[in-house]
C-alpha cells in the first residue's frame, strides 16, 4: 500500500463559502485523514486520503456546502484482489482418513457438491450419498438446520441429522457441507462438517458472520438474494476480519422481476468477482433456477463463466422430498453433467 | 373456518394416465388431506382440501403427470385478516409511570417514533430526546446494537447504550424502541425497551424470530428490503406462531433498479397489507428515501395511504452523526410535519 | 450559466504515465472542452469543463490510464430545475368554448383526469363521461390507439374512437387526453385531443418523442416501467429539445420483484423529481396498483407526496371492460376521492 | 390441437351466489367459449375452454363472486413449442453472391455477429469489418439509426451509413445486421440488411412490430430490458402473427438492482426459452455486461447455456468510439473467443 491512500473526492457546491471548505477540511484532518483542496472552474474539490489509519465509512454529504461525494476505493480490503493478487486456494482434507483425496477450491478443478436440500431420514440419505459418490462426487451436502419461509414447513432434523451426516462421511469418505442458522449451532456442527454453509437469508446476519470468524473451518457464504456484489464481498469481509480466511463464495441467483424462473443466476458475477476478489466462487444452479429442467444448462454456463464449483440438489425421490423437490435432479443425471463440466473447464485452462 | 378448507388445484397434464392421478390422490389422502378429481375438456384436476389438520407447504409439481399447481389460500393464518377480521391494536403502557399516556398502534392515532439512527453518546442523545419530546413525540428510537454492511463501520454502544435509553425513558417519560440482532441481546434489551425492533437484514433470521415469539413485548418487524408482501407476513407469522401476538409491521422501502433514491417506499403495500392482514403497519421514510429532503413528503404520503405511524430519524447534528446522517432531519422540522400528518389522518377517519 | 461548466472528474490509475495524461488532456481539448490536471497522493485527476459548447455524453473510461470517471452534472438541461428554477405551468384552454374554465398543471390545483382505459363504444363512453363530469372532473381520458402486450387483445377503435372523444368534448365541455403510439397517429389525434399521452411502453420510442417535439400540444409522458428518474427526464428532454416545452410527467408505477400488486408506485419520485425538475408531474394509481381496491389510498398518497394531478381509470361496467377492468373504479367512488384529495392539497399549500 | 382447449380455471368466492355463477357462465358462453361448473368443499370452479375460436386475453376478475382466476396455457401460440415442436431454422443467404456460405440460426452452429455499436465513418468501419472477417465472422453488425437515452448523444449516420454497410457486404461477402427504430426506416434498410434488428427500447413499440410482420426479412428481436420471458415471446408473437415467421430472439441483459455491471445477463432464459419456444435465441454479452473485460466469460456461458449465436461489439479503437466504447472488445480477441465457443458447442452436441 502506498504511503497515503486516496479514498474520496468531495465536490463542494458553487455557493460553498471559504468557511464551509475550511471547516470540513479541519474535520477530516481531525478524523485522522488528510485533505487537499483542489479547484476547477470556480468549484472546489477536497481530495481525502488515509494515512495509515483504518478504512471506515464516513458520510460527508450532510456537511454544509457539500454537493456530492465520490468514493474511490472499494470499502473491503481483505477480500479484495487489489491487496491479495493471487487466488486463495481452500483445501478440504480428511485428517482421520488420509487416503481420501483433498478437495481444493479456487484452483484448476471444478468441485461438485451434491446431495438433498434437507436430510430427511437415514435410509434415503444414505441411498442418495451412495449414488452421488458413484457418480464421482466427493462432497455431500444436506441441511439439518433449515431456514424456511413458512413456519409450517419442515424445519430440519437438527442434531439427529448431524449423526446421519457423520455416518455418510465415514462410510463413503465424503466431505460434508451443511448449513448453520445461529451461533449456537456452530459447535455441534463443526464436529461433523468440513464446510459450514451460510444461507442467502443469513448473509446479513452480522452476528453469525462474526461468530464464524472465530473458527478456521471453511465457510460457504451464499450471496443474499438481493445483495449487490459489493455487499456480498462486505459480508465475506466480516468473516475475514474476524479471523477466518477460508471463505468460499456462492452465487445462488438474485431476485429480479422475472417470475418464470425462481431466481435469476447472475452469470456476470463470476468474472466480475474474479476480477476484484481473490476468493473462490461456486454456483448453485438449483436455487438459481428453481427447476430441475434448467439445472444442467445453467451448471455448464456457470463453469464456462469461471465458477470453481457447483452446489447441486440431488434426490432419488424428488416427488416425496420434504423441501425443494422441484429443483432436485436424479443422481442418474450427474455423470453426464460432470463429464461436460470437466470438458468445459479443460477448454478454459488450456488457454 | 369451514369444515374442509379448499387449498390447492392441481392440473394434470394431457398425457397423465389413470395411475398418475390415482397415485397422487392416494398420496394426498395419506398426507392427511382430502382430494377430489374433477374433469374438463379431457384434462383432470385434483382439488385438495385440508380437513382440520395443520396447513403446510407441499409441492406436488414433481409428481409424474402433474402439469401445474395453483395454491388458493395464503399460507399464513395468524397474520391473516381472513381469520381475524378486526384490526389488532397494540398498546404501549408505562407501568412504572402510570401518568404517561399509553400509545396505541392500529387505531385512529398516528404514532410518531423519532430519534437518531444510533445512540452515540449520552449528551447528544439526551439533547435529541428533549427536542423530540418538545416536538410532540412520545416514542424514542435509537440503536445500540447496529447491523452495518461494513465491518469497519460504527457497530453501536451495546449495553452501555441501553443505560442511556433507560435514562431517557425516566427523564422524559418516553417509550423506547431499539433493535436486537441476536437472541442473546433480547434479555438485557427487554428490561429497557418498550418495543423490540427487527431490522430489514434480519427479517429472515428465523431463529431470532422464533426467540421473539417467546416474549409478549411488542415487536417492530421491518420488511426485508427485497421481501415480498407474502414473505413479510410469513415472517410475522413466525413470531405469532411462537406465541407473541404483538407485531407491528414496518414498510421501510424495497430494493429496485432506481438509484436516485436509496430504496423505493412501497406505498401500495399499506392498503394492500391492510386488506389482507389485521396487524398495524408503520412507515420508515428515512431509510425508504435515504435523503432528509424527501422525508416529509414521503411521511405524508404514507399516512395518506393508511400507515398507523412513522419511524423517523432525527439528529441535532446530522453532519457528525456516526450512522445515516444524510437521511436524518433536524428536530426543528418535526412540529410542522406532525401537524400535517395529523390533519391528513383526520381527513381519512372523517369518512 | 457560468462561463465554464464543470462536468466531469476523471481519476487516472496509479500506473498512468505522463503520456496517458497528456494524450487524454489533448483529446478533451480537441473535443471542444477544457481540461485541468490536479494531483493528490500521487494520483492525477482531470477536471473537465464545458466552454459554451453543447453538452454531450462521452465516455473516457476506455482511454489508457483511466481508472474511473465521475460525471458531475445531470445530462438534461431543459428539464432541469437548475436552469429553470420556477415551476412550469401547463394550461389547457378550450378555444372554441371560452366558457370552459382552463385547467392548469403545476400550480395549486390537483387536476383529475378520469375515464375508461379504452374507448369501447359510443354509448358506454358517453355514459362514463357524463358520470365523471358530474363527479367534478373536467378532463376525460380514453384510449383509441391501444398498446397491448398481446396481439390478440383489443387494439382500440382507432379513428372511429376519435369521433366519440370529439362528441364528449363538445357535449360535456371536457378536455380530452388520449394516447398515440406512432407518429402517423399524431395529425388526426391532435385535432381532437387537448393532451397527447405517451404510454410507458413508448417512453423510449425516440422517433415518436422527436415527432411530438414539433407540436406545441401538451404531452402527458408516462415513465417507462423500468426507467430510472434520470432516464425519464431524458425522455422529456427529447421532447423539449425538439421544440415543445409542454410536458406533463406521469409516474405510473415501476416494475419490481413484488407480485402482489401489478406495479410499485414510486412515491419517492414525486418529491425527488420536484426537486430536480420544473415540470409538472401527475400520478396514475390505476396502473401503479392494478387493483381498484388500492386506487383511492394510493391517489391520496400521491397527492400528499406532491403530485399535481391524477389519471384514474373509471368504468361504469368494469366487469365487461375490454381492457384493464380490474383496476377501474366506479364513477360513484370519485366524489369522495376528489373531496379528500382537495383537502390534502389544501393542507400542503397552507404551509 | 384438441377439439376443446382448456384455457382457464375461475375460482368463485365462498359467498358467490348461484346467480353469480350462472351469469358468468352465460357471459363466457356468449363470448364463444365453453364453461363447465365444478365443485369442491363448497366452492365452485368454472373451467373455461376454447372451441376453435381465437385465443384472447379476457379478465373475469371483476365479475361479482369471482375470487381468483388461473390461466392455464401460455397466451402465445405461434411462438410456442407446444404447437411447433421442432426448432425453427433461420437461414441467411446471399442471393447475389451464391459463393458465400449461408448462415443458419437454430441448428448446430453458433453464429457470431460482430462489429461496432455505431457506424461512425467509412474508413474505421471498413477496417473493423476486415479484421472481424479475418477472425472468422461472416456477419457484420453496425447501427446507422441509433436509439440513445440522451438527445445530445450521437444519433447515427442514417442513410449515409447504409451505403457503408452495403460496401462492406460487397467487399467482404458479409451478411449485415442493422437496427431500425421506425417503420419509415424499414424500406431503405431492407435493401441492404440481411437481418433487421429491433432494440431493447423498441420491443414494446407494437406499431413497429406490426410493420415488420409484413416482410419476410429475418428480424433480430432484442428482449426489453425489463420484459419478462412471457412478454418477450408475446412481442415475437406480434411479428409472427402479422406474417413474418423469421424471428431470432436475443437476450441482452435485464435490469436488476445490481449496479456493478450495466445489466444482468439472464442466463436462465436460454434453457427456459428453448423449452417453451421453437425460435432461435442468441446472446448479446456486450450490453448484458457493459464491460469488455466480462465479454468473453459471459459469451462462453451463454453458449454453454444453449445460445445459438452471439452479438458482440468490436471496435479497433474503443477509446474513440462514439457509442459504447467501454463494452467493445478489440478484434484481436475474437479468434480465441470463437475457438472456445466452438469447442463448448461441440461438447453440447456430442450428447
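Going by the order they are written in, the chains are A, B, C and D; count residues from 1 in each one.
Basically, a contact is a pair of C-beta atoms (placed from the backbone, for glycine too) under 8 Å apart; a residue touches a chain by one contact, two chains touch by 3 or more.
Here the structure is a predicted model, which is why all the values come from computation and not from measurement.
Visitor: State the pair with the higher C-beta contact count; candidates are A-C and B-C.
Guide: The greater number of contacts lies at B-C.
Visitor: State the chain with the largest centre-to-centre distance from subunit B, centres being mean CA positions.
Guide: The chain farthest from subunit B, judged by C-alpha centres, is D.
Visitor: Measure off the straight-line distance from the CA centroid of subunit A to the CA centroid of subunit C, and report it in whole Å.
Guide: Measuring from centre to centre gives 40 Å for this pair.
Visitor: Could you work out how far the Cα centre of subunit A sits from that of subunit B, in whole Å?
Guide: 27
Visitor: From the C-alpha centre of subunit B to that of subunit C, how far is it in Å?
Guide: Comparing mean C-alpha positions, subunit C is 32 Å from subunit B.
Visitor: Show the residues in subunit B shared as contacts by 2 or more other chains, in ascending order.
Guide: Residue numbers touching two or more other chains: 226, 255-257, 259.
Visitor: Would you tell me which residues of subunit A are touching subunit D in their complex?
Guide: Where subunit A meets subunit D, its residues are 226, 228-230, 254, 256-261, 264-272, 275, 288-289, 291, 293-294, 297-298, 300-306, 336, 340, 343-344, 347-348, 351.
Visitor: Where on subunit B is subunit D touching in the complex?
Guide: Residue positions touching the partner: 2-6, 9, 11, 14, 34, 36, 38, 40-43, 45, 47, 49, 68, 70, 72, 226, 255-257, 259.
Visitor: Under the definition above, what is the set of subunit D residues touching subunit C in their complex?
Guide: Per the touch definition, subunit D meets subunit C at residues 54-57, 59-64, 75-76, 147-154, 181-183, 201-202, 204-208, 225-226, 231, 234, 237-238, 241-242, 255, 292, 318-319, 321, 324-326, 328.
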